[in-house]
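A short write-up of the structure that comes next.
By written order: A, B, C and D. Residues from 1 in each chain.
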């Protein structure tokens, strides 16, 4: 019984395991203020579109901007490797499951073309929309200047796990404090999931962090390499790092929960866990406007030697406006995500996202799920 | 390991996760007294029928009264919007899944007609039965006087989450202490799920509270907005608020568990968790006498922009008498719910519902369930 | 967070949630002594056959005796209501699911015939086998003398929940200390699941208790009335009562785990939880010799107003000898249950059942199960 | 509530219930050193192939050696009972499920032929590869000398549960300290799962232990005899024993997690739990080079009276090189297991396996699994 312990392991939680408890005061949903600010920039909606090729194209970025959110374009995907990315996206949509991984590996072995980086940024900027771009840490020194020069407003430095201290033989690790001196725009870094790593990153002077390793529907990082932290615990821990950093420095660095959000319920729980904004992949890949044509896949799915994700069929569920702002014609939580957030804030009595951070969270496994399995089995 | 905590989250429990332990003394079931009193009114059965359009019509209210329970009629549903509600109910029953949500949204956009409120109440009162009516907080000031004047005996003020302090721009929040001065009848308020919110509501002088946010079979509040508390924990917490209020004021305010009860086992666990009575939706929608014709749906399913529920097929399982009083011809706990309560009280050694509040509850996940999935899979 | 608590609820465990850890010393299985003693009587096998009509007939009792175990015959079932019970058993086996509950209710409304009680006991005794009979508490005063006079060796007083203090309007509760003065044979009482109730029963002077409320495969007590305690916790608690009673009185009263055992693994866990013997229903109903013809049902399934169980298809898996003593031709734990116990005792290093009581138990959910669901789904 | 406890039971964890948290420092995967040393011998890969007839033949041992791992040949299986084992393996692959257990029992009742032991060892040694052999404790005294004389490099003494103190009537238990005096080669002993048993075994002077009772995909030990410990807890406990033994004696004895590893994620979690190496069965049985022809079964499946395992269809997934070293053409974690380990170490910031032992482990149930059940159900 009292066996000496090799290490302690603590319990963590994902969206399906928690729920929000209503407040002692309730407010009308129309009183909930959901604005999101990063650096000096304020967005009407606290929603970012994931830097996935099936989600964000230049056209989609314009649609997202019109509705009040922010799309992040992947600068190392098909948009910057191909003059005509739609043709390539079409191939992915039509590939059979058997040939898919090999096809992805081949498509993403094509080199990135510097001229296309500028062109894609300009396609967004020339329509007056805000432009955010995502680059991996290893390519940031080379690609970031091109994107910034073309007019990008926000830089996202993103890989599966990003820390302030990366050690490599082949290249000198990216020093974020140095990067921030050259990039005169808000910089968001990710992904991370822990208190310590977040605190170190925030201390470099960055403006936001992306929270999430392994939770996305199109991601198999946890199956393949065993690494991953459920999103509720990850968001709670990174939010606490934000508070600590704020107490120490007076700078408020945004926490953006990225991955694993499928419904309005999940989205609301992310904010109740401490998120300032959310980044959505699959829910937006389901929009008519999404370039993925009813499919979604992550960048890790294209790794030449160790793919950690796959193409999933997400279907087309409605217009981007309907998915974000409603009205919803379904009752499963996949439409009117912003309306859901406001109703949730009303039940909690939260006037602002900061108030929502104080909502009571409870551990409440989704037992109904089991019932649904039955139901489905019974219906044959 | 010892990460600073952004917030504490506590474990909560639903019906499927707990069981009742038998007592050290047992009694014969016929010795169990199950009466329920609200205000000055005593009912032979501690069972209320939910204010759902698929459950309570004036005719159903009479049937319920005859058996000793209390039906609550929804004053903002089809009964008060349509001269002939049966025709509309028939449309819902016959709608395809694709057209359903839009149909519900359309049906419930028809205005409430004041004259029908009086008429429905009189249909119940003229047969000598007790009449309870449900109104949302925002409409209570307007509709409650009409219903009370027509003779309603009990007023239920109900919305998904109701608190003693609601803040709104567009209308002045309902002040329950003021309402109680004008309504000379027992007032039941809901729904709520927490100790603090319940205590505040009880302090206003109301006579009963409805416990439950998100648990019903026809409800998807938790999926859509992330809010919900499993019923065992919710009932335990609200029951403790009742005790505290009683210790402070000497007034005993009834706790009524509303939603999520599908079987006799669930019903018994509600009482063992501290309920004075239960409100049933789906189990009574399965009665031959129910107006829903084998279907059920919640009022939240009709929301124009954010429906949080859907029509579910519940089937017709027997007469209302058989469902409540037996005899049961099935062994799955869906018939003879009152008989089940008495047998359960016998095993626990509880002479009264108050004794049942002292029953030992244990955490005991419904593992058999898993076995049943197998069985179903094996049977194909 | 720090909400005042209405009551404490503790976690309990069933067979599927625990496992046995191997010992620091191992022994050869042939060194494990598994004898079971009740009163002055010692049995080679620590296995009783359940007092269910689908399990024990007089012929089955003889088979069980030959192998070294003990069959308990139900004195209030078909054997004592019908001259030719086989015909009735055949009807049950052939009934459709729709007509089943009504048929069981009808079959068991036939009166018990005193002359058949004596006859069934004599059918067992005249072949030289030991005879154990089961009677409900309410009928014990009337039926026990008849059975004892006919030669029954062991009396089992059994109902779903039995306590030393039962309160009834209609009949004076059975006083076990008085019963023991008239019955000059070992008396086993059940069922119970708690430390306190067990201790009170043991103090009356009885010789064994049956542990288990709600766990059996053919039982739906938990679904219907919410009452039930998982078998590992129930056995642990009753075993601790046995120890306490032994410390106080020097009398060792046997603990017999009854219900919920489907495999050799479950059986071994019962002993590791503190059982002195086990009572098996479904595993023995699967024997070629069982009267149920591939089906099983509990006595609670026949209740006229509140049936709490149903007929389940268990199939015929092998001879009684093969099921108990092997050799096993399958690898799923349903054959050679005694061989399994001895191998388990070998891994634990337990020379006796008392040693097995000291085995380390761990909480280890049966995750493989989930994998099996997949497998089954994948295989279609 | 405060019931006296018969025994304490502690929670244990398996691979599906935990995940690895990324580190505060990350490194490039190519900087991860994964060498494994046993005794004086160092292997490029920390992977052993299980002593199962469907996994290791002499030819497979050569393939494994070429890639840098170590195959363990079973000296009591078909290789030493049959001149032509391929024919027998073919029979197993072609047997129907109904006839399988009986067929295995028959095949393994053929006697072991001493001359074949030497021949199989020589088949491996004459190609210059390292040769490891597995023998049960009861046969070690007889068979080990033959194998060592033929040139075996490493001796594995293996049974389901092995302790330093085994008690038997029929033969004198194996004394490991005595064995080590005669065998001049590294000795690995298993299987064990507890701190105490591991510590006692390590004190005898052995060089490595195999961790795992009951976790393998082809094993039903837990179902049949109730015994088994989930692999994460087992590895953690045995790793702590290794540390304690090292503190006391200065000798570092290797801990090898054996069984239950199906994916790269599982493998990485084994190392994060404290393993120095892993032993793989099913993942390698899926190699084209494996003798099992797409099937796998454990030795316990062949027991004449109590089979505790069965043949499972594992399929053929790729070449041994692809499974171990990639590149992977799938995203489910079944290929490029070594690449996965290096990527995982990169995310954790672990330069060596010893660093990996310090990785943070979290409890994070595989909830996605449930989603997958849905998905599968929905896809029909």
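Just so we're on the same page, a residue touches a chain if its C-beta (ideal position, glycine included) is under 8 Å from a C-beta of that chain, and two chains touch if they have at least 3 such contacts.
Given the structure is predicted, the values throughout are model-derived calculations rather than measurements.
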Interface composition of copies chain C and chain D: same or different, split at half: different
For chain B placed onto chain C, the superposition rotation in degrees, Cα atoms, nearest 5: 90
Euclidean distance of C-alpha centroids - chain A vs chain B, Å: 39
Distance from chain D to chain B - Cα centre to Cα centre, in angstrom: 55
Contacts with 2+ other chains: residues of chain D: 1, 10, 194, 360, 373, 377
Interfacial residue positions of chain A with respect to chain B in the complex: 8, 10, 13, 18-28, 30-31, 194-195, 236-237, 239-240, 243-244, 263-269, 272-274, 326-333, 336, 339-341, 343-344, 347-349, 358, 360-368, 370-371, 373-374, 377-378
Touch list for chain D against partner chain C, complex: 1, 3-7, 9-12, 14, 16-17, 101-102, 160-163, 165-170, 192-194, 196-197, 200, 213-214, 217, 220, 222-230, 233, 301, 304-310, 369, 372-373, 376-377
